[in-house]
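Presented sequentially are two complexes of chain A, the first with chain B as partner and the second with chain C.
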Partner chain A sequence: MPRSLHPAAWWIWALALGAAALRTKNPLVLLLIGAVAWLVVVSRRGNAPWARSFGSFVRIGIWVVVIRVALQVLFAVRLPGHELFALPSIELPSWMAGVSLGGPVTTEALVTAFYEGLQLAVLLACVGAANSLASPYRLLRCLPTVLYEAGVVVTVALSFAPQASTSVHRVQEARRLRGRPHTGVQGLRGLAVPVLEGALDRSLFLAASMDARGYGRKALVPEGRRRVTNVALGLGVMATLIGAYGLLDGSSPSGLGLPALACGAVLLAGALGLGGARSSRSRYRPDPWLLPEWITVAAGVAAYVGVAVSARLDAASLNPGTSPIVAPSLPVYATAGVLLAAVPAFATPRPAP
Partner chain B sequence: MIRFDHVTFTYAEAPEPALRDVDLHIPGGELWLVIGETGSGKSTLLQAINGLVPHFTGGELLGRVEVDGLATSTHPPRELAGTVGMVGQDPDAGFVTDVVEDELAYTMENLGVAPAVMRRRVEDVLDLLNLHPLRTRALASLSSGQKQRVAIGSALTASPRVLVLDEPTSALDPGAAEEVLAALTRLVHDLGITVVTAEHRLERVLQYADRVAVVEGGRVSVASPAEAMVGASVVPPVVALGRAVGWSPLPLSVRDARRLADGLRSRLPVGPVVPPHHAPDGDPDVVPLPGAVVGSTTRLGARYGSVVALRDVSLDVRAGEVLAVMGRNGAGKSTLLAHLAGLREPTDGKVTIDGQVPHRLKARDLVRRVALVPADPGMLLYAETIDAECRGADRDSALDPGTTRAAVERIVPGLDPAAHPRDVSEGQRLGVALGVVLAPAPPLVLLDEPTRGLDYVAKARLVEILRELSASGHAVVMATHDVELVAEVAGRVVVLADGEVVADGPAREVVCHSPIFAPQVAKVLAPDEWLTVAEVEAALAS
Partner chain C sequence: MADALASGAAPERPDRRRRCGARCLVALAIVLSGAIAGSTGAFGGTRRACAASGNHVPIVIDFGTVSSPAGPGTVRTLCVAVGSRATGSDVLAAASAQLGWPAPRYNSIGLLCAIGGYPSAPACADRSGSHFLYWSYWRGAASGWTYQSAGPATLRPSSCESRGGCTVEGWRFVDGADTSASGLPEPRGPSDPAAICPPVATTTPATSPAPAGTGTTHTPTAPAVPGGASTPGAPTTTARRGTSAATSTTTPGGHAPARHGGGHSSTATTAPRHRAQVALGPVQAAAGRTAAPTAHTGGGGHRNAAVGLGIGVMAVLAVLAVGFVQTRRTHP
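Entry: the complex of A and B
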């Protein structure tokens, strides 16, 4: 039966894929991750407006790469190596030591910058994939009740990107009707203000509408319990962040990642359980969590595990040297893991038309 | 049910109060109509009912507002959600979820309604507002009329005691508007819900209203509909007809008027002598015939994904004619305009404007041939001041400095050039947008829903502008639901249904015999073909 997958499954899948991308600067692995994200998006996105946002994220990613390389050429610290060409360099005052403007540009520096830019771009593509695949509103709906106080902010923020992309389109049309160039660099100028203005207006309307429709109604909760919930929630978020940092940054002590994440998860679960009684919300037709959701989550986690195993066994293959430049290769476990992440493209139900 | 006790409200940093000493009592189970010009304080009054004013907007509220015994001073909007259902002006901006069904259930979820009850109420509302075929659709894919119905539905599912609506039918086609109003009256009659609605198109709502609250400069006076119409400066056509012929009491609905019209029909000839839409300056001898073809479509077809928006549309638009494109919400009217304006590439067939293919033209060349004012004219304006807007337009289209300013001045005289385009009234904004796109003197002018959100004063001015445009040889194509506007200005009407042309002919022929698109005067005097009060008055005078 066609149905849309639980939004949390898509987000976990995409975040795991993104976490995998953060562990490697190998361009082949990164491109593979990007390709997997693209494949799943084109085969499983619906036709809602946010489903088209993947393309925008990819475009932003390409700009990130370009800007990262350009900055390297103009400003960055010089890496020794084969000089490609030299820009006229400008002497900066001594208090700006460490920053240089212009000067020789080496292949090594360009390649390093490209790898770093590509990593960010692929991470963006993963977030974009989650954005295209999962309805942000449905995701918010399955947030536990205790988090609802931050919900207005989150809903407004979530609606920002799709609405902005719709309004970019409308502003471009309006510009064409006004006889202004609507594409290219010239078209980009003067696009930002009307789009942001429109998005802000809409955000206000949306917040008013949520308020008028009973969002965030109080339910009677004893003061003490509320305080305990909030403390546990704060600690849980902190522990989760520390854990995530540990897992993403290969150089941190290995004892940090998993235990902190587990600790955070327990605290959060406790807080959510305690706070569950706080809201008198009910749910209309909740999204089911069935086998395809488990498969999707497992596929995402497989990508991360694959990359992590490769990092443990053969760290050099995940961060191919740039000085001197070493041709990147595809490490076995990482490749296998990332390829497994493509399974949801076939193993999940199609979205409802 | 709703009680305003000496309410005075001032927005933060506003020099004048938006509401002055409002004293109102709206009993339960009545339908109240709130009327007044744009900026008179209508929306503020409505938002004060559920506490959005002042809880959300800020500002200072003196006095007391009470709904069903709950004071808004102590109960913020979210606590009143189960009591007051609110439908804003722009349904799109108020949607919180993304699918019709979820949106309908949203308020109930917040109120903690039991799942089984939610299922049942959603089904009830789907039937009540005829939303059943749309239940799984993404909100973004709906037409504006469908969106409006979903917005009303999502307020209804929570079964509120009071329903507040701001311009609920302004985006709807006449058929859908009738449906919504029928649903509202059913709510009032059968379920005893109190309905408070603001509306510019009096002709649609007046007959259903129990009381009318007239808002003028923040002051509110209450009268029965008939009393309110006696001294009102703007009235729906059926009332205007009653005044012109001297009926008393004034008829408020077509049915009332038909009962009185027998005598009138015998005094009138069978039909008007002069087609008035071609006599813009009151000189019936000068009837400019439509001139050369300025734009045409040949077997035009358009598709969005798998949805066919237009099929085999062949039209010629001639200089000097005002062509109204009518049809249901989602029938393809806006798509047709977008193709004529060169915003989209046709899937099939072709579009020609002035011998050129519009979507291939450079923006700068395009604006000299065709102008389109979208349903939200503010989209066209993005400078900080009206003056900067005009100067920018001169630059863009390589016009002599001051050309645009003069064009705007001709349409909306006396605007403050330093004002921000967002700060002027709805009607003035439309005027500025029109002026800006008309400055390069395009022979073809397209308007999408020009009367949406306009009060009667602004609409009267729009009618004048359209007549001037057609008299000066422009071809005007407007997509509209406003049958009274069509009766006033259109010479020719094209009716679209599901993307196909189902009628194309002189306005009088097309609209007079349609049960949906006929203006009030035509309905009153049917089967004789009269369109406007002015025609009847002229015939009586001669």
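Entry: the complex of A and C
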């Protein structure tokens, strides 16, 4: 039966895929992650206005790669290697060591910059996949009660990217009908302000209308308990961030990631439970969490676990050397995990038309 | 209403957008493939040609106290021929090529990770306990060694042929535990450039052109026995003998390698400057093999890498193909 999947499942899937992309600079694995994200998006996106935001994110990603390479050519550390061409350079004082203006540009430097840009672009594509697969409105509905008090902020934060994506289409259409340039650099000039303003406006309208329905209102919670909840929430978020850093950055001390993440999760759960205990809100037709949701989450986690196992067993293949350049090899576990992440393209129900 | 407009005009837009994206991707692909093609040797020839111009820079590579592939505590001392305006990295690369070692490995921010394949692949200035294991960079003059705080890719050592004279490029592998109160341990080779690249004789040597047609000359690479006897198998003339193109010295506690050279070019002070451009004489090739066992991966390794690359590309293409099928099915 067609139904849209729980938005949290899509977000967990996409963020796990993005975390996998953050652990590797192997272009094969990165391209595979991007291709898998695209496959799932084209298979399971609906007809909602935000369903097309994946394309916008991919275009931003391409620009990221181009800009990263350009910055490397112009300013970055001069990497040794096979010199392709040399830009006129300026000697900088010694206290600016590490930055250069112009100078020889080597193949190694270009490839390094391309790999790093590609990593960022694929991460953007993963976030874009979540944005185009999950409905921001449904995601707002399943937020825990404690966060209701930060209503406007949360609403704007969650719905800004999808709103901006729809806003771009809207403004481009209007400019096209008026006969103004709407593509290329000319089109960009008239695009930025109306898009940003429109997206923010629409997010604020949404927040206001939700506020009118009792969303941002303070629950009747005693002052002491509110304070405890807020402290636990802050500490939990901090511990979660440290844990995420430990999991994502391979060079951080081992034994930091999982314990900190678990500690943060316990604190957050406690805060959410404590804050939501007294609130008497009911949900209208809550989104179900069934087998397809579990499959989606497991598929995303499988991609991360595959990459993490490859990182432990065969770190060199996840970060192929760029100086000297070696041909990227294919890490087995990472590839298998990323391919598993494509399962939701087939194992989830189709979205309602 | 705007939504209705957007959906009404939809059919012509995806087409245009796809073209733009495709153009960007094609440009990127061209840049990348060009870059990789450049790295696979098209530019190697020009660099070799540059190297024939007769600039020489002395270099000392000290594997420190840790057990290195060349045996514990090996010190290599070379006088390498480089192109004009060569950077410290160029000198190191030329020295590695001359010794038959794999090219020096750098990480993505230009930090030198490995010389002669040591330490092996992912390791790069790793931590061992409370200290770090890394290659330190020095510059040697007659007065002693100076630590370099800038990287080899930005520094251009002056060659011994230049008016101001040259300095020694020094590399020492540091085990952080070595660091004493007196500071970092220095490379244990001569810091005086004249001891490695001896000054040019005033008379121009009467030399015949290089024997081989390849433009490279082979000189006696392992140093010569004091007195300048030539190494068997190396095409030598009296005019081109006697420079210490590569010597190995060991610390007192270390094991002396089989091809142990004599002192530091004690015979070379009057020798004319004719040195190996790309010296891979029989002796040195052997030295390279023993020094860096990981240097030459066999053909099997290359084949495996190619198979992995092929499978990876196929996997990406397969996922994309399934995606196209899905696009047809869901959005006909």
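Remarks
Assume the second predicted complex is superposed on the first by the 331 of 353 C-alpha atoms of A that agree within 3 Å, B and C clash if a C-alpha of one lies under 4 Å from a C-alpha of the other, contacts with A are read in each partner's own complex, and residues count from 1 in each chain.
Everything below uses one rule, namely that a contact is a pair of C-beta atoms (placed from the backbone, for glycine too) under 8 Å apart; a residue touches a chain by one contact, two chains touch by 3 or more.
All values reported here derive from a predicted model rather than from experimental measurement.
Contact with chain B, but none with chain C, is seen for A:D211 once the two complexes are overlaid on the shared chain. Residue contacts after overlaying the shared chain place A:R175 against chain B, while chain C stays out of touching range. Of the two partner chains, chain C is the only one that A:P324 touches; chain B does not reach it. In the superposition on chain A, contact is made by A:F114 with chain C only, not with chain B. Of the two partner chains placed around the shared chain by superposition, chain C is the only one that A:L339 touches, whereas chain B remains out of contact.
In the superposition on chain A, A:A315 contacts chain C only, with no contact to chain B.
With both structures placed on the common chain, the touch criterion links A:A262 to neither chain B nor chain C. Partner contacting the larger number of chain A residues, of chain B and chain C: C.
Residue overlap on chain A between its contacts with chain B in one complex and with chain C in the other: 49, 166, 170, 173-174, 176-177. Partner chain C is touched in their complex by these residues of chain A: 25, 28-29, 31-32, 35-36, 38-39, 42-43, 49, 55, 58-59, 62, 65-66, 69, 77-84, 94, 97, 100, 107-108, 110-112, 114-116, 166, 169-170, 173-174, 176-177, 183, 315-316, 319, 321-330, 335, 339, 342, 345, 350. Interface residues of chain A facing chain B in the complex, by the touch rule stated above, are 46-50, 135-138, 141, 155, 166, 170-171, 173-182, 190, 193-194, 201-202, 205-218, 279-285, 352.
Partner chain A is touched in their complex by these residues of chain B: 50, 52, 55-56, 76-82, 84, 86, 88, 90, 93-99, 101-102, 105-115, 118-119, 122, 136, 138, 140-141, 154-155, 158, 305, 338, 341-343, 363-364, 366-367, 371-372, 374, 379-380, 382, 393, 396-397, 436-437, 440. Against chain A, the residues of chain C that register as touching in their complex are 2-3, 5-6, 9, 16-17, 20-21, 24-25, 28, 31-32, 35-36, 38-39, 43-44, 47, 87, 89-90, 93, 102-110, 121-122, 149-154, 304-306, 308-309, 311-313, 315-316, 319-320, 322-323, 326-327, 330-331.
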